[in-house]
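What follows is a set of structures to go through.
Presented sequentially are two complexes of chain A, the first with chain B as partner and the second with chain C.
Our next item is the complex of A and B:
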């Protein structure tokens, strides 16, 4: 197998706060392979966004710090590059889009200026005229009607869906090998969500070999877009599998709980939803053994004290659970 | 004419927010948030109000409980909100603030964001007790007893009464919000996106709690949400809204299995399914049909309630729109228990 595009090993990103150390990401191993869409799912506080921000070295320090770990992108060690060089990586080789396009775009600059800025910052030899043409091209590609006019408009003049298209344009204008999308459609209506997801997949198909790391809490979005899925809980990867294996044969009790607690829009309508008991544990006060042990219905002796290892239970299907050891 | 099962009947409701502009401010436009909407709610049932953001679903909920005027005194409201109390019928929309007060305990709301709808300086106990102080003549001891009982009903412990909202998780806060709504023994609960801010694993708990409480107290729910899967699960009947109007209404199972209005079809087709095997088979229809009417690949700016298209408001995004659709608003017509506002949908 060829080496992965992005390889994360033993990543620990902790936040040192007054109320203690929050182990937001604790020993995460994760690969993003060439050309795939990898879904990273989890609830709030599971560490999925912090994992992504660690890759781009965007963790606010203090209070946060990457304590240990190894992040390799195309074989290059991202944790040892200096500030100047990480800026060359951001936006050009790995780019990121966020949930709320209105807060990610600068309200006082035109759309055009914000798209051109990326080009001019990374490729200073480009003339303004070239950058402008390139910007109009990418806006056309992401499906923005009348892009030349839109170049002169401000973010507030665009609808939510259009703004997210602009964010995608900014992220893809330099053709990065990896796009990290953090809840890109959570703030959008379902009709617009479907369009944006289609657009992301369509653009990826045109750029052969490029990969997407899609961070979301929505399992249905994962089912529709991803090739592989990693499930996070309590700062750790709990299960990683190809999308069909994960949905048809979930191994971790947490994954199973998530899948059965979803109300369905088609098929059989259950009279009562199955629930996962309890609430997401406080990040400052995670259980010592398995992070899910406090809510797990399949818990037995070792779960409280011994953290299970992430093992390959079936080909390419990894799980962190004592039941499968 | 009134069906004994009917508890609430909204008739021809219009809500307009004027927009002021110019150097000497005067009315320059208006947002027609709700545009001639009618619906009925039966005793003990749940109706789901669905639609995209900006379609007016939240405004409908607020108009029913008559809190729009205190929020924006320039709002223009016409129409009727008939509430069938034991032996009387009142038009809530016609009541002023003082008269409304005696009906308020019968109609309560649960809000989306349990972080901003609970006062951070009050304890959970005080928050749940407040409506009792306002609406009942109970003594302090009785109220405290009722708060403990309510906390238990929503799955919190009586010791939580002395804690502040920030000490709770999102799910626990929403439970407290439900306890507050239940405090005055309401007949109707209007829940506006009550589980949208919650994590998936907690969302199912709160939905189950709402269903248990409905059973126990015989409540009628108006459940407002953009999440079509959640609405399908909890609702008996569905009202699909588009830019201030109902475009389709009927039994939940009917609408979800055979949506008739092109907008309902588009909305349901867009909902992602948690099944990796069906992903390619369904998407195709809507974007391709839309291509003929839109400049590029289905990327169409939504019309807003400020610049509503003439005739059928949905025609600018509709795959089967004709010239005639621009001329007049299609009425909501009933066929076999289903109401659809589209002459071509049958």
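Our next item is the complex of A and C:
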């Protein structure tokens, strides 16, 4: 097996706030392999976004800081490169798209200027004409009709779906090896969501070897698009498995809880939606043992005190639970 | 708005400009003031005691460009020739002539040959009368208009540039730098402005260099510096606040992930979005600066004599309350100018109002 595109080992990103230390990401190991779509799933505050932001060193400091860890991208250590070089990585080798396409574009500049800026920032030798043609090409590719006209329009003249297409165009114009999509469809209508996801997969298929890290809390999106899934809870990876494996044979009680709380449209008589009992523990005051122990229905004696390790319970299926040790 | 207009792409700024043009009172005030201000730069050719051109003994002279001795025109005085006198002399003969500006009196010239003692009341030659040194009030008001407005615009520019830069840095960097900067600004802002002016003007004696343009006078720039030094703080508050708000917006984050440099993000991405309150405030800053110069001149701490100044004329009006032309004309000029600038400011504010549709009436 070739070395992964992105390798995260022992990442701890903590936020030092007035009410204590928030261990948003606590000892995360994660690989994004060449050419795959990896889904990173978890509820709000589980540390998915902070993990992604840590990769690009976008943690606001203060209050946040990457305490320890090792992030290697194509073998290069991202945590030790200086500020100038991390800027070279951003947008060119690793791109990111956010949840809010409506506000992610600068309202005072035209679409064209914002696409061209990325090209000119990373490849200063490109002429404006070249950058312009390149921008029109990528806008065509992301399915924006009449891109030459759209280039001269302002963000407020485009719909939400169009703006997310522009964001994807900006993210992909320099052909980065990794695209981090942080809930790219959350703010969009359901019909547009499917279009945007299809577009992302289609663009990825055309760029051989490029990978996507898809952060979402929508399991339906994961089932549709991902090759592998990582489930996060309480700042830790709880389960990593190929997508079929995870949906057919979930090992971690949290994953099982997530899957049973999905509403179903097939067969079953209308019943109350199953939920996971309890609430997410306070980030400043996580349990000492298993992070899920406060809500777990299968809790037994070691769970409260001993933190389980991430172990390979089945081939390529990793889980962090005492039940499987 | 016609459909074709709506479909055309338009930047926010251009839309606001279009809205500004629709607000007739402000727009026409702007046009009028801009025209008059532009014309006021040509005042030396419109109102001066120097001739535009002289033809004397088959030779042409251009006193605007070069200085001629009175003796060159066979006049019996020392120094500058009396061109008005020369014109009367030449009008008898056909050969020689003098071409004078439309209003042939200068701002520094004491008209002591008028009957009676200065200040002289308005007459057909001197429409607004003369001041206590026998200088034509209309000419001095006109020159004073140019100086006041130039002064106010320059102070606004200097203080805005400094205020925006510093406010941007405070807001963008934030944290301890912001805290320290804010406290320093507060200390600086609590310095009493008028006392500082009095101290400075007693140490640096204002010099007037005769024959030099107002913009090239050192005391003019000194005063701009002092006023700007006390005014930039106000802008930092607005810009700092705007930067705090804008830097948290998604488009800034989106720009950071594309690897754009910090200075570019600050000045190219955030600044245009942070300028709205600053721009709508600018006309009122100009009003404040005109008033400040008038007040300082009135108190005698402003531009050195004999600079044509509104404040100094208003001061003369106060000491000569019976001479109505020394009271009404300078105050009238000040009032009219400020009124027009306020009209502009009102229209700019209206045009830049982001809440045009949601306002509850």
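Simple rule for what comes next: the second predicted complex is superposed on the first by the 320 of 325 C-alpha atoms of A that agree within 3 Å, B and C clash if a C-alpha of one lies under 4 Å from a C-alpha of the other, contacts with A are read in each partner's own complex, and residues count from 1 in each chain.
We take it that a contact is a pair of C-beta atoms (placed from the backbone, for glycine too) under 8 Å apart; a residue touches a chain by one contact, two chains touch by 3 or more.
Just so it is clear, the structure is predicted and the values come from calculations on it, not from any experiment.
Asker: Could you tell me whether chain B and chain C fit or clash when both sit on chain A in the superposition?
Answerer: Superposition check on chain A shows chain B and chain C fit without a clash.
Asker: Considering only the touch criterion stated at the top, classify A:92 as touching first (chain B), second (chain C), both, or neither.
Answerer: The second partner, chain C, only.
Asker: In the overlay of the two complexes, what angle sits at the CA centre of chain A between those of chain B and chain C, given in steps of 10 degrees?
Answerer: Given the fit on chain A C-alpha atoms, the answer is 80 degrees.
Asker: Can you tell me whether chain B or chain C touches more residues on chain A?
Answerer: B
Asker: Examine A:117 and indicate which partner it touches, taking first as chain B and second as chain C; both and neither are also allowed.
Answerer: Touch status of A:117: second partner only.
Asker: For A:130 in the superposed arrangement: first (chain B), second (chain C), both or neither?
Answerer: neither
Asker: What is the contact status of A:167 with respect to chain B (first) and chain C (second): first, second, both, or neither?
Answerer: Touch partner of A:167: chain C, not chain B.
Asker: Thinking of the overlay built on chain A, is A:43 touched by chain B (first), by chain C (second), by both, or by neither?
Answerer: In the superposed model, A:43 contacts chain B only, not chain C.
Asker: Of the two partner chains, chain B (first) and chain C (second), which one does A:154 touch, if any: first, second, both, or neither?
Answerer: Once the two structures are laid over each other on A, A:154 reaches chain C alone.
Asker: Quick check on the superposed model: minimum Cα to Cα separation from chain B to chain C, whole Å please.
Answerer: Comparing every C-alpha of chain B with every C-alpha of chain C, the smallest gap is 7 Å.
Asker: Residue overlap on chain A between the chain B contact set and the chain C contact set?
Answerer: none
Asker: Within their complex, state which residues of chain A touch chain C.
Answerer: 56, 58, 62, 87-92, 95-98, 100, 103-110, 117-118, 121-122, 149, 152-154, 157, 167, 170-171
Asker: Over in the complex, which chain B residues touch chain A? Could you list them?
Answerer: Interface residues on chain B, with respect to chain A: 52-53, 169-172, 199-205, 207-208, 211, 226, 228-230, 232-233, 252-253, 256-257, 266-277, 279, 283, 286-287, 294-302.
Asker: Within the complex, which stretch of chain C touches chain A?
Answerer: For this pair, the touching residues of chain C are 9-13, 175, 249-251, 253-261, 264, 269, 272-273.
Asker: Provide the residue numbers of chain A that touch chain B in the complex, in ascending order.
Answerer: 43-44, 140, 143-146, 159-162, 165, 189-191, 193-195, 197-199, 217-225, 243-244, 247, 257-259, 261-266, 269-270, 272-277, 279-280, 295
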